[in-house]
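Structures given as structure tokens follow.
Shared between the two complexes below is chain A, which has chain B as its partner in the first and chain C in the second.
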Partner chain A sequence: MSSDSIPHPTQDALLRASIDRSLRHPVMFFMTSGAAWLAVSIILGIISSAKVHSPGFLDQCAWLTYGRTFPAHINALVYGWGFQAAFAVIIWLMARLSRQECRSAGIILTAGHIWNLAVSLGVIGILSGNGTGMPWMEFPSFTWPVLLASYFAIVVWSFIQFRVRPEGHVYISQWYILAAIVWFPWIFLTANLLLNCFPGHPVMGAGINAWYKSSLIFLFFTPVGLGAAYYLAPKVSGRPIHSYSLAKLGFWSLAIIAPWAGMQKLIGAPVPYFLPYVGAAATVLIFIPAACAGANILRTAFFSKEAVAESPSLRFSIAGVISLVVMGAAALLLNLPGSTLKLTQFSISGYGFELLALYAFFSFVMFGAIYFIVPRVTRREWLSRRLITMHFFFSIYGIMAVAMVALFGGLQQGMAQESWQLPWINAAISTRPYAWAATIAWCFILFSNVFFFIHLTLMWLRLGRRSSHPTLLVSSHGSSPHGSEGDIDNTGSGHAAAH
Partner chain B sequence: MSLRTFILGLSASFGIAWLAVIVVPYFKMRDMAPIQLSEETDGTTGIFYPKRTGRVADGALVYAENGCYLCHTQVVRPTYAGNDLYRPDWGGLKDDGDRGDTRRETNAFDFTYEKFAQIGVSRLGPDLSNIGRRVESIYASKGDPATWLYAHLYNPRYRPELRASMCPSYRFMFEEKQIKGRRSLDALPFGGSETTELVPTSDAKALISYLLSLKKDQAVPAVLNFGPAKKDG
Partner chain C sequence: MEPSRDNPLVRFGTFWLALGIFLVFALIFGVFALLNDTPPTDMEAAPAKVRYETKTKVDAAQAASLSADAIKAAIPAVARELAASQPVAVEKPEQLVPGAQPKSGAASTNEAIDPAVMERGKAQFLVCSACHGQQGEGGPIAPPLSGSEWVSGPIENLVRIQLRGLTGPITVKGTEYNFPAGMTPMAYQTDQQIADVLTYVRNSFGNKGSEVKPEQVAPLRGEVGQPLTVDQLTKP
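Presenting the complex of A and B:
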């Protein structure tokens, strides 16, 4: 790319401002309604988690039985919060990186409302006893075509923006986001067609469902999270990305390994023998893309230790990326056929791992992105350093408890299950301390997010600070650690040739 | 790399795995050939077709809608994948009278008449592959298995030996009704008053019928029998 294609700094700033303005309503809509679903999901999570150790809790009402609140909780977390946070980040990042204003905010907003309606009907469907009984696909089956159609209406514009972008450099975040945009409908359509419309063999159905869960984590939430982290780390620290070849290795290893993962959950069930082993091998190998991306992003961010300490965006996304590495290590350690897989297969570590992926990694990076994006699209700064700090620390405490459950609770429970000489009740009781830990963790997470919800609502009402100084976590009035705008977009120091 | 090559790369890396672990196994499993029995090894001819009685389809629906699969599995794993078969009452019964040791691993024919195999995600409760057999032969060997299960569904901690159970109560699947003449046959032995009784709703009846149909310990053809060879014929 020649230097004459770099636009004038003022023009550049104007373009960025107009992109942000064109996306203000869709981005804020997805972030606030996503946060509202996060609140719903956390409350349902506390209720269902408490029922695991205290089954008498709220047990009078059919709507609140464990078998309905738990699926409602996880589906609200995935489709209500996870997807909407992802939409906000996808449309904003792609517009910024492709340097295109959004011309379809109206359609995106309408589709966003339809998405929310479908999620609401789905959650009500589960709670009223109309769930399908397939993990992560419990929404009544009429919702899936609606979700898919609104998904297309939301993200297709990002794809178009990429196609009409100015010639030149393609940044790592764009690879990840394009990949997520392409993979998700493929996964979603496959699972729903084969399970809802043309059911084949019932056991293969369970296999497809296990693959769907794993694919959603590794081929949608992971790429979106990494896309955001790859954007934030160099942008905020003001350094170019550590290594492009490492980034490529991380990306393509994820693309090649992740689609095979998932069916290890069926080891021992009557499916073709190779499927669980292939699934286990792929899940173990997920450590490679996680470690590549983790090392790359962390090395980039820690060039500037000051920025990590001061910037809320960077602190959240770094915590998320560290969780990604922990998640990769957990995938490696918990899925070894012949040793740990039989212990964790039917234990709480499955849920722990999902939370590690969805909350500790993905949501933390999304919080980082939200702390970065919202001031730009609303033209207001965050109100209070203290609210952000509270959000961060209580979320960290909560998620550390969850990681402990994932790594140790599942193994201990599995060992108790395998002790066939002892009565079953021993295995059932061994879970109890970890069930308590999960409840306490959810309470911490709820507490931490109250600060986030209040803060985000105030920002949404445009009550943020009118200031040109970003809200930092350290009270010095030194120079801005956000770096000068434009470092990472298609111009500036980060544009070493990618391909 | 152009956009087209990039999309092609994404599609290839995903598509190959998709074909290999989803599409091909899906069709292979859907069109699974029936197993021919042979006179020599199975003592009979024809095809293997496990029978199952009860309200399987609508019971499975109640099972799914109320999230039983979150805490209960329905798979007895072979010994390479876990110790399920060693438990005396999971894969069948260690000593089922004339039938001897009926324990065996789960096979692909065990889910006949179900749309989705509730393999399950976690074992906070015991495996239910043979819950029907267990209740009939052990828990309610002297009484009515359905009544035992109704009471358990209403209050899983009702019996002293199950005081530590974490299973939720499904009280909402029962209704209090006026006794007209005689008490209903399926009324709970507790609850109610002088003039009323607790009777299961249609959902509870379907679910219990389904649970009692879970007896995955019938003899299997020799080609599916991976059990150790019997010492005496």
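Presenting the complex of A and C:
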């Protein structure tokens, strides 16, 4: 049995290559359509951010009022980009780690198209004024069963692949991905059934909605991001994960703490006291899994500093993981019930925190995963390291600016709103410079993502470089550990080396 | 690779296991929802129930004393009577018949008013002018006295107001006034003082009215202490 469980390296390489080949179409579809939705979401985000400081911007068009563009922006970011990037990573990572080829690429592709259709109808529904008004659930209520059904049709195969995996150690990424796969329907069904189907107390409904928003971040996007980061860090740097126990602690602390978070948005509302306080406590404690995972992954990756500097996937992932640690610190500092919670409750800090989680952490890890997966799945290398570098720096500057501005501007706004003797317009005016900075930062991010989308589309069309050498962020004119460069199908030493 | 781990049966079973795991909480909700017999209570339902019960009680009480049919039957008779009635000349000032030419108050009796009374009344009026204005024009806390139909109207109204104060809404010259503080009772004033100031007010600021005598104030002293609202006054 033991000889079966450790296949010959060449056999394993061929198996991995065939897994990649089987997943080419679903993965590339999800990534490219996700990148397109990201661009759409950022455009809507720029319009919304502009309306905070210049309300007269594009005010002739009813479809572009703030109340419509802002929910459309967030929902396109979450369901259009976030979920599709997550799908690509989930199906590829689970297939690879369980050593199972994907047999349902057709079904997954169809479900992916249906998901895109539902998201499009949802965004159009919001912009035409039919949004439900519940944050992160603004799609008209007919979309959620469609989204759930296509979700099932996309990820159930990964569940099956895990079940039929070969004997052996289960890697931490598989736990995270499996957990995310199972947690999302629980969260989604709970929130949608309680808010859209069963009647209930309306103030509690606001709490359930806040809980859904927080759980989506901590129980779906965070595990998917961590699963990808835990895979990429050791893979690219060549070092094993620093500490297995720390990884276990991080996983279980996330699983136990995260479901309680979210209700802190309702502090001061007429709901039982313990609900928002438990939510605040849980959100504050999120720094534990964030710190554990962050310490673990960063120690693993920084053992090889050249890898972090040269590899696009590692650089993006490490930037994402550092942002995770920052997010953990922000969760701690912004949700203290005695002091900061009342300042951030009704300000743009909430938005900044969500962006920190969705873009600074999750999207950067997804970018890292995309830069890793696409060459393997298309058997072509990225065309231009300068495009990758531009994507990285513009995104980093942009999102750091947006996140910091929203967090600190939000605290300022909260403090100004708390001084109730002064007219409220003071608070709005004090927030204005931060809103300007956020708009400009979003423009940077749009710039970077347009190039990302172009680059990705060219790869999808299989117009990448035919090369056995990966595209790294530093030009390697010297000798390369990969041997001399040649065509991917015909390298000098004669092996189709999958790396 | 172990053959038994990966076979179509295991895959099929795992598919349905996954579906079940995804839906487990929804199924628990469904069970609870189906077993939940009590329909959701509208938050308005409880107070509305009380209101409806009160309404039924009031309707029953009214119908018991005067049935709706009796009211319906009486309406044409009363209407005919009113239409056929002729205006009758006013014999007493208190009697006012619609359509008749009112004898413009009691001032038509042409009794000359004692100037000493007016002087004393004018001095006493300084207290009133604090709220009602020096020309009786009214202000933020008191209605106008100038041209007021209450001032020219029945004397008992004025005496009662002076002795018991006045709270609640009052319509003066078509405008409704409702001052939260109302008018303080002035029962500390003697009958003579009250008569003097009321005579002064009834004959100043464009008003023309009869003199008020202390004998008209004394009978109403017994009412001092009871709060007064406009529905207890005679409509002028």
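Assume the second predicted complex is superposed on the first by the 471 of 499 C-alpha atoms of A that agree within 3 Å, B and C clash if a C-alpha of one lies under 4 Å from a C-alpha of the other, contacts with A are read in each partner's own complex, and residues count from 1 in each chain.
The rule we apply is simple: contacts are C-beta pairs under 8 Å (C-beta built on N, C-alpha and C of every residue); 3 or more make two chains touch, one makes a residue touch a chain.
Keep in mind that this is a model prediction, so the values were computed, not measured.
Using the touch criterion from the header, give the chain among chain B and chain C with more contacted residues in chain A.
Looking at chain A, the partner in contact with more of its residues is B.
Under the stated touch criterion, which partner chain does A:199 make contact with: chain B (first), chain C (second), both, or neither?
In the superposition, A:199 contacts both chain B and chain C.
With both complexes overlaid on chain A, does A:424 touch chain B (first), chain C (second), both or neither?
A:424 contacts chain B only, not chain C.
Based on the superposed arrangement, let me know which partner A:164 touches: chain B (first), chain C (second), both, or neither?
Second partner only.
Return first, second, both or neither, reflecting whether A:292 touches chain B, chain C, both chains, or no partner chain.
neither
Have a look at where A:186 lands relative to chain B and chain C in the superposition and call it first, second, both or neither.
A:186 sits against chain B and chain C alike.
Report for A:256: first if it touches chain B alone, second if chain C alone, otherwise both or neither.
Only chain B; A:256 stays clear of chain C.
Look at A:156 in the shared chain and tell me whether it touches chain B only, chain C only, both, or neither; answer first, second, both or neither.
Only chain C; A:156 stays clear of chain B.
Enumerate the residues of chain A that count as touching chain B in its complex and touching chain C in the other.
163, 182, 186, 190, 194, 199
Within their complex, state which residues of chain C touch chain A.
1-2, 5-6, 10-11, 14-15, 17-19, 21-26, 29, 33, 40
What residues of chain A sit close enough to touch chain C in their complex?
Residue list for chain A touching chain C: 1, 4, 100, 152, 156, 159-160, 163-167, 182, 185-186, 189-190, 193-194, 198-199.
What does chain A use to touch chain B in their complex?
My answer: residues 51-53, 55-56, 59-62, 65-68, 70-71, 129-135, 162-163, 170, 175, 178-179, 182-183, 186, 190, 194-195, 199-209, 211, 219, 252, 255-256, 259-260, 262-263, 265-272, 275, 278-279, 337-338, 341-342, 345-348, 350-351, 417-420, 424-425, 427-429, 431-432, 499.
List the residues on chain B that touch chain A in their complex, please.
1, 3, 6-7, 9-11, 13-14, 16-18, 20-22, 25-30, 32, 60-61, 63-71, 73, 75, 77-78, 80-84, 86-87, 105-108, 110-111, 114-126, 156-157, 164-173
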